[in-house]
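Read through the structures below before going on.
In the two complexes below, chain A is the common chain; its partner is chain B in one and chain C in the other.
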Partner chain A sequence: MADFLSAYSIQYWLESCPQGYLEDTEYGHAPGETEPALLLDDPQLRQQSIRTTVQLVVGERCALAASSGLINAAPDEASKRYLATQTLDEARHVEIFTQRLYDLGVKKTELEDVLREHANPNLVKFAEVLLEKVDKKDFVAGVVGQNIVLEGMAFTVFEMLHAGVKGVNPKFAHTLSGTIADERRHVGFGENRIGSLIKEHPEKKPEIERMQRDMSYYMLATFADAFRRAPDAAERKRLAQDLGGRPEASWHGVDLATADPKDMEQALADTVLKEFKTRLGRIGIEYQSPVRP
Partner chain B sequence: MNGDADSKLAGAAADGETSKPRQRFVLEETGFDEVPEKYRKYYRKWKGPSDDLGPNEVLCPVCKVVIRSTRELRPGDRVYCMACFTRFTVTRSELGALEATIEY
Partner chain C sequence: MAESGSDVHSLSPDRFLEEVHSFEFWFHAVEGYLSATRFGRRPQTQEAPLSESERDRLITVLCHYCVGETAALEASSGLIAIAPNRLAKVFLATQVVDEGRHLEVLLHRLQDLGVTEPEQEIERRATGSLLAFKRRLLELVEGRDWEAAIFAQNVILESLEFTVFQAHAETADPVTRDVLQGIVKDERRHIGFGENELGRRLKVSPHVRARLAAVRHELDPLVLASCDETMAQLGTPPAERPEIGRSYLAAVHRLGFA
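And then the complex of A and B:
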């Protein structure tokens, strides 16, 4: 039984989400908000924004496939109803990040080609590890992979992105803040549901730990690729000033406007892995360190 | 769903930490809009490690939202985070800060 969901309802989701923080929004941001002109006019900056947003669409398409696939694998009615709301959350994320690609100038007819061209192969592999569990209707492994590993990563990545753009791109910052609010429910479901279920299935631990190790490897490889392509600190500071924002953007003690991309990658990886260790430890799963890519 | 932290409080006398009456707090809206409207004043966004929590506040370790009560929190109190559905018992860390221990 999922006791922690005893009072969860579609009504609760409606009052919190569409009638709460998403009320009066349009694709997750205030109506009329647009991407900064400089970002649209500078080909390099625009391309970089497209590349980043493609990774978000790829990740959210994986989350949509996983959460919808887990509905029929869920052993109890409350989890099925909860996952139905998460499925809609993930579909919304796919839609709002896809809309951002359109706002950045990607044509609808070119969408799939742009996704194929820019999708990080390591992120695709990360998704494949998870979706293999979902395809086998393995609920315990699927929820750990989806709601603890993938959502845990997304939670931290979105927070870092939000800290980096809130001073220079309010439209994208608003889009991200709604997804962060959704992620709170998703990580909460993961920990609470698995926290009780793993006690009933201790034999699943070694397989789940292997999955987490593989997913963590591909996640770190994705971060490494992303930051290798990032503009250096001086270039980012100049861009932030050109965008009319404040250059300081502090996140976990790192100034995102001036830090070296290598230091940003280290801070993100360390924060995500620390969270993994803590979350997995709380539910009785031992974190497995991947080989550093 | 009742997410009001006050309604989850265990008795003050039972915690053994102090017999002094609990301090009372007036909660103001902080703009937190991620739970149904009537519960919003019981939560606020966390501002990071430098955020000083009041004696009526505890951080949800799962979703990093600050849960607030109209009464001072004490070890043994039970609270619920509506933002992520997690139930906690309030404990005191070695450094003296209030912490939340999750109940699965």
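And then the complex of A and C:
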């Protein structure tokens, strides 16, 4: 364990993250990059971007609460120190996505109201299931919920968003690519650290599987709500052209510019759930199909 | 974010807090003094030979520091949950990683000194006063007492560490000096947060002062005892030890919490 955790040291984190891929960035993107003018001028498009970004802030606030809360529950010093880096990663994500809301015209005094107005209730429930485990200082369940389920979902959602915006909004694409690099590290820690703990505590499996089933349900419900509000394919293609970017944006075999929102939702859900199955299998947890809690 | 090189003190109070509590500010602050180090040590710094008793006393002192840094890591992470706003949460997240780094560089130094099982060594050499302080600090965090916990951590504990580490750095071997000087730079930022956060609260709720005085009355003996134990290990003559204690008391006094 000690050798594996040495790859998650704060020294390694400093060299690879702040002094690595975040070097010369400002709020996660290159200095001077701005949101496209059309996105700021079109009320509907701006509102849609705010709604999407609110979900990112809500998810990252949950991740910040979970990773900081898990430090005191960690059974060894090296895990505590790793979680310290994850805590700061999550705080940075809260900061950069909050900054994006300001860039989109949200006033600082209105921030909390905007978050309350647009936060998806299913995403809030998803967070509550995880934070209940953290509050009980249940390290094993907390890390599975945070580093496999929440981070696994975030990783895939960010990749999809990145594929969708990289041709039309370099600023947001750059912001996302830094967070994707962070999430990759978090998911890796979850898989590597928890496998051995699950072996030591097999009695915890049923409870963890229940948590994953409930979180997966609320995650799919969040996706369904989000894509129900998404513009249709013709509208997206027109917007991409107006933004001056490439209309094609392929992700996992789906053309994000022309696919029906239902097909996009299906592709996202399939990708996340497939990842869950693979990652949970690696740590000895049996994937549970989502059921309404 | 403020233009590079601009003075943050020229910003409006709200903008100042937004700036100094951000990840961006933390990153630019630590980049200056950490980018050329590995585990807190500059590459050109050479080990100085230590006698066996000097090495053993240094190990004991570093173990004491590890207890303090673990307390700070656990307390600052626990405080995120009860922080009153996003800026305080983000600042505390930077403090969490600072405290985690302090623990890491001290553990690394212990390994340099030949300690193969640092965690067991820390447990073996920890003093009762430090452990009692840690327990009380974490109780304040668990009790969700924001003002008292911030006071105990960002004023009392950080002032103690600032005073002791600075004094130790003056006489330490070159590698330990590098490590301690890097830590002291972080402590300044943490004390600044505590002072600012509590100062603003005391202005609008002066009754908080009495509660903080009670916390201090309870913790001061533990702080002074652990200060004395550490100074004894460092070979500070008994006549000079009260001076370190006075420096700690003066540091807290300067912050306006006497």
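Heads up, the rule we're going with is that the second predicted complex is superposed on the first by the 285 of 293 C-alpha atoms of A that agree within 3 Å, B and C clash if a C-alpha of one lies under 4 Å from a C-alpha of the other, contacts with A are read in each partner's own complex, and residues count from 1 in each chain.
One rule holds for everything that comes next: a residue touches a chain if its C-beta (ideal position, glycine included) is under 8 Å from a C-beta of that chain, and two chains touch if they have at least 3 such contacts.
This one's a predicted model, so the numbers in the text were calculated from it and none came from an experiment.
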{"item": "Chain C versus chain B on the shared chain A, clash or fit after superposition", "value": "fit"}
{"item": "Geometry of the superposed three-chain model: angle at chain A (Cα centres of chain B and chain C, steps of 10 degrees)", "value": "90"}
{"item": "First (chain B), second (chain C), both or neither touched by A:Gly152", "value": "neither"}
{"item": "Chain B versus chain C as contact partner of A:Gly164, first or second or both or neither", "value": "neither"}
{"item": "Touched partner set for A:Pro36, first chain B, second chain C, both or neither", "value": "neither"}
{"item": "First (chain B), second (chain C), both or neither touched by A:Gly59", "value": "neither"}
{"item": "Partner chain in contact with A:Ile71 - chain B first, chain C second, else both or neither", "value": "second"}
{"item": "Partner chain in contact with A:Ala7 - chain B first, chain C second, else both or neither", "value": "first"}
{"item": "Partner chain(s) touched by A:Gly142 [first = chain B, second = chain C, both, neither]", "value": "neither"}
{"item": "Superposed arrangement (fit on chain A Cα atoms) - minimum chain B/chain C Cα distance in Å", "value": "12"}
{"item": "Contact residues of chain A, present in both the chain B and the chain C interface", "value": "9"}
{"item": "List of chain C residues in touch with chain A within their complex", "value": "1, 14, 22-24, 27, 30-31, 34-35, 38-39, 70, 73-74, 77-78, 80-81, 86, 89-90, 92-94, 96-97, 99-101, 103-104, 107, 119, 138"}
{"item": "Contacting residues of chain B [partner chain A, same complex]", "value": "1-2, 33-37, 48, 61-65, 81-87, 102, 104"}
{"item": "For the chain A and chain B complex, residues of the former touching the latter", "value": "4-5, 7-9, 12, 15-16, 20-21, 181, 183-185, 187-189, 191-192, 195-196, 199, 252, 278-279, 282-283"}
{"item": "Of all residues in chain A, those that touch chain C in their complex", "value": "9-11, 13-14, 18-19, 22, 26-27, 64-65, 68-69, 71-72, 76-77, 80-81, 83-85, 87-88, 90-92, 94-95, 98, 108, 111"}
